[in-house]
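Naming follows writing order (A, B, C, D, E and F), and every chain is counted from residue 1.
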Amino acid sequence: MTHERSDETRLARGKRALAEIDGAAGDKVIEALADIAPDFARYLFEFPFGDIYSRPGLDLRSREIATIAALTALGNAAPQLKGHIEAGLNVGLTREEVVEIIMQMAVYAGFPAALNGLFAAKEVFAERPGE
Amino acid sequence: MTHERSDETRLARGKRALAEIDGAAGDKVIEALADIAPDFARYLFEFPFGDIYSRPGLDLRSREIATIAALTALGNAAPQLKGHIEAGLNVGLTREEVVEIIMQMAVYAGFPAALNGLFAAKEVFAERPGE
Amino acid sequence: MTHERSDETRLARGKRALAEIDGAAGDKVIEALADIAPDFARYLFEFPFGDIYSRPGLDLRSREIATIAALTALGNAAPQLKGHIEAGLNVGLTREEVVEIIMQMAVYAGFPAALNGLFAAKEVFAERPGE
Amino acid sequence: MTHERSDETRLARGKRALAEIDGAAGDKVIEALADIAPDFARYLFEFPFGDIYSRPGLDLRSREIATIAALTALGNAAPQLKGHIEAGLNVGLTREEVVEIIMQMAVYAGFPAALNGLFAAKEVFAERPGE
Amino acid sequence: MTHERSDETRLARGKRALAEIDGAAGDKVIEALADIAPDFARYLFEFPFGDIYSRPGLDLRSREIATIAALTALGNAAPQLKGHIEAGLNVGLTREEVVEIIMQMAVYAGFPAALNGLFAAKEVFAERPGE
Amino acid sequence: MTHERSDETRLARGKRALAEIDGAAGDKVIEALADIAPDFARYLFEFPFGDIYSRPGLDLRSREIATIAALTALGNAAPQLKGHIEAGLNVGLTREEVVEIIMQMAVYAGFPAALNGLFAAKEVFAERPGE
């Protein structure tokens, strides 16, 4: 299960991975962190996206299923959950699949966590009316 | 996204779904709960498996990705995490994919949650030496 | 501890139980979930209220004590906590008792969780000025 | 909702309250903390039991319902959950009521939290065979 | 590690400790809790500040490092996190140190928890423009 | 607050940082992960230790205060908490200071979390009898 990394830098690879998942999110993160923790924006590109999401062992659709499930279950990161619902739709999940993932979390983290996840999805869906 | 349920009872449907995912788990749960909360065993078949996992909108492989991710992130349900790593392998996830899902949780729930998830996977893998 | 269920459907029983606890809440949930996850509204009536709250082994006042305590301790479901403070008052808890339950959570989940619970209670109490 | 405290010291009042709830638990805590954090044993008598559980606004049975619910939902304090299941039985909860409280937590914190709570109850019940 | 307490009352000692850490916070808490749980305001002075923060075994700067870290990691107490970022700056932490503590929580509680902590810090820093 | 990284690789820098904090821990992690997720061992050196702990903005003693506090509060990572209590002692915290940090968590995450943290510390202290 060792994964050989190409010569491309982790930063470049992370930016490319995040662009594939959610084009606008990267710029927003850099901007939001610029005056308080610019290094953290770099870490965010490098580790989650340059290291983890760029690994070949799991497709991006499956990775977003995992992330939407975890953020719904944890229940304390609404902005990031909305970002990954967006990302999930971008990499091929249907709205129905997103709803199924979130509903399933009622089993593992309780009905309030699932309900709050569904309302987050509702907001994301409403902002993408063209679909 | 409404899902019409067949005439089959939820209990029967849940038992069938759980048998498909993990053949031995159902009997163990009934036995463990028999003298303290037999109704809870029935609820466990009916709602998680008879209602949720039986829904057609998401395949079982994707459902197990979601569950493994959530239980790793929550970090307080080791026996259930092991059961669903087992279940994930049963419905088509490879060991490598299970490891990828769990490693990814370092991003959303921290490195200790991911490490403890990896050690749970290691135990499950060791108990299935034939693979 | 086995509980025989009458012929009444779980959905009907759940709607009746929720109506007894909080008359307006049921309609709000159906409406809020109508365009995103209508099945989840049905599950919400069926499992929590049709299965659990309808069981004879524990009175509704005690059930609401348990729910207010848990939601205060978990600290990530403010709308549901407010709903169950409302419900607790409806089934016979006094304001003082609600405050006692929430304060006690400082011991088990820390002072911030208790403080945030108290402020949720304050909002609910303010919306019921007639009492 | 102000509660006038008598002249009895908080430490004495807390020891008396804990003795009423669980006779043996107090001595065990003092002993376990003696060589590492003796002051913490005193705080444990004074704040949770001397301040909170001694307040007149909520009966001990209701307080233990709240605590059993919260510890089941949080899911990361198995020894304390078992102690309070013991305490709940001591102040008048029946085994059936304890089981009902814990099963209800499936709704608010997920089925794994409820299952683990039920298994904790099973252990406590087994250690009290005379009932 | 036993700590002898002076004759000063816990309430007075707690008020003094909180005043040293965050002058305005004490009055706000008393006012916010006055009509719902005035005793809880007293407990808040007495136990966290009168008992814990007043102990000689750890300096206030170290105590605020611990609190900022914990509240960032728990991720469900934004108002209290902001209050302790404020307090940390008051007892000698630099803005850079606050940012370092919060970034480090990405390792233990995930990137979303750290991001939300950084945005909380950004708000606090913006309200103290003179620095 | 940007931090220029030297030419030393992150992996080497992380190994050096972890060696400084806890000499034996690095080898144990590599060994434990070798057959299941060897890349994760590398990430663990690179991000937490190569990136975060190596940053100059906060001394190691302060970093360990933050980590001990967070892991005590989260309450679901006992092995890692013990590792960082060990690490904290290695970088200059006294046993008394470790106890103070953990006791303080009763305020933010409840008494059970603090108690379980104290018992973890007790085990670590017992394994270092020479002190």
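Note that in this section contacts are C-beta pairs under 8 Å (C-beta built on N, C-alpha and C of every residue); 3 or more make two chains touch, one makes a residue touch a chain.
Owing to the predicted nature of the structure, the values given are computational and were not obtained by experimental measurement.
J.: Spell out the chains that contact subunit B while also contacting subunit F.
T.: Both subunit B and subunit F are touched by A, C, D, E, going by the contact rule given at the top.
J.: Looking at chain pairs A-B and C-F, which one is connected by more C-beta pairs in contact?
T.: A-B
J.: Roughly how far is subunit A from subunit E, centre to centre by C-alpha average, rounded to an integer in Å?
T.: Result: the chain centres lie 31 Å from each other.
J.: Approximately how many whole Å separate the CA-defined centres of subunit C and subunit D?
T.: Using C-alpha averages as centres, the distance is 22 Å.
J.: How big is the gap, in whole Å, between where the Cα atoms of subunit D centre and where those of subunit E centre?
T.: 28
J.: Can you tell me which residues of subunit F touch two or more of the remaining chains?
T.: Subunit F, residues with two or more chain partners: 1, 36-37, 39, 43, 47-48, 55, 71, 73-74, 76-77, 80, 99, 103, 106-113.
J.: Taking the complex as given, what residues does subunit D use to touch subunit B?
T.: Interface residues on the subunit D side: 74-76, 99, 102-103, 106, 110-116, 118-119, 121-122, 125.
J.: For the complex, give me every residue of subunit F touching subunit B.
T.: So the residues of subunit F in touch with subunit B come to 32-33, 35-37, 39-40, 43-44, 48, 71, 74, 76-77, 79-80.
J.: Along subunit C, where are the residues that touch subunit F in the complex?
T.: 73, 106-113
J.: Can you list the subunit A residues touching subunit B in their complex?
T.: 1, 47-48, 52-53, 55, 57-58, 62-63, 65-74, 77, 80, 96-97, 99-101, 103-109
J.: Contact residues on subunit A for subunit F in the complex?
T.: It comes out as residues 1-3, 36-39, 43, 47, 51, 55.
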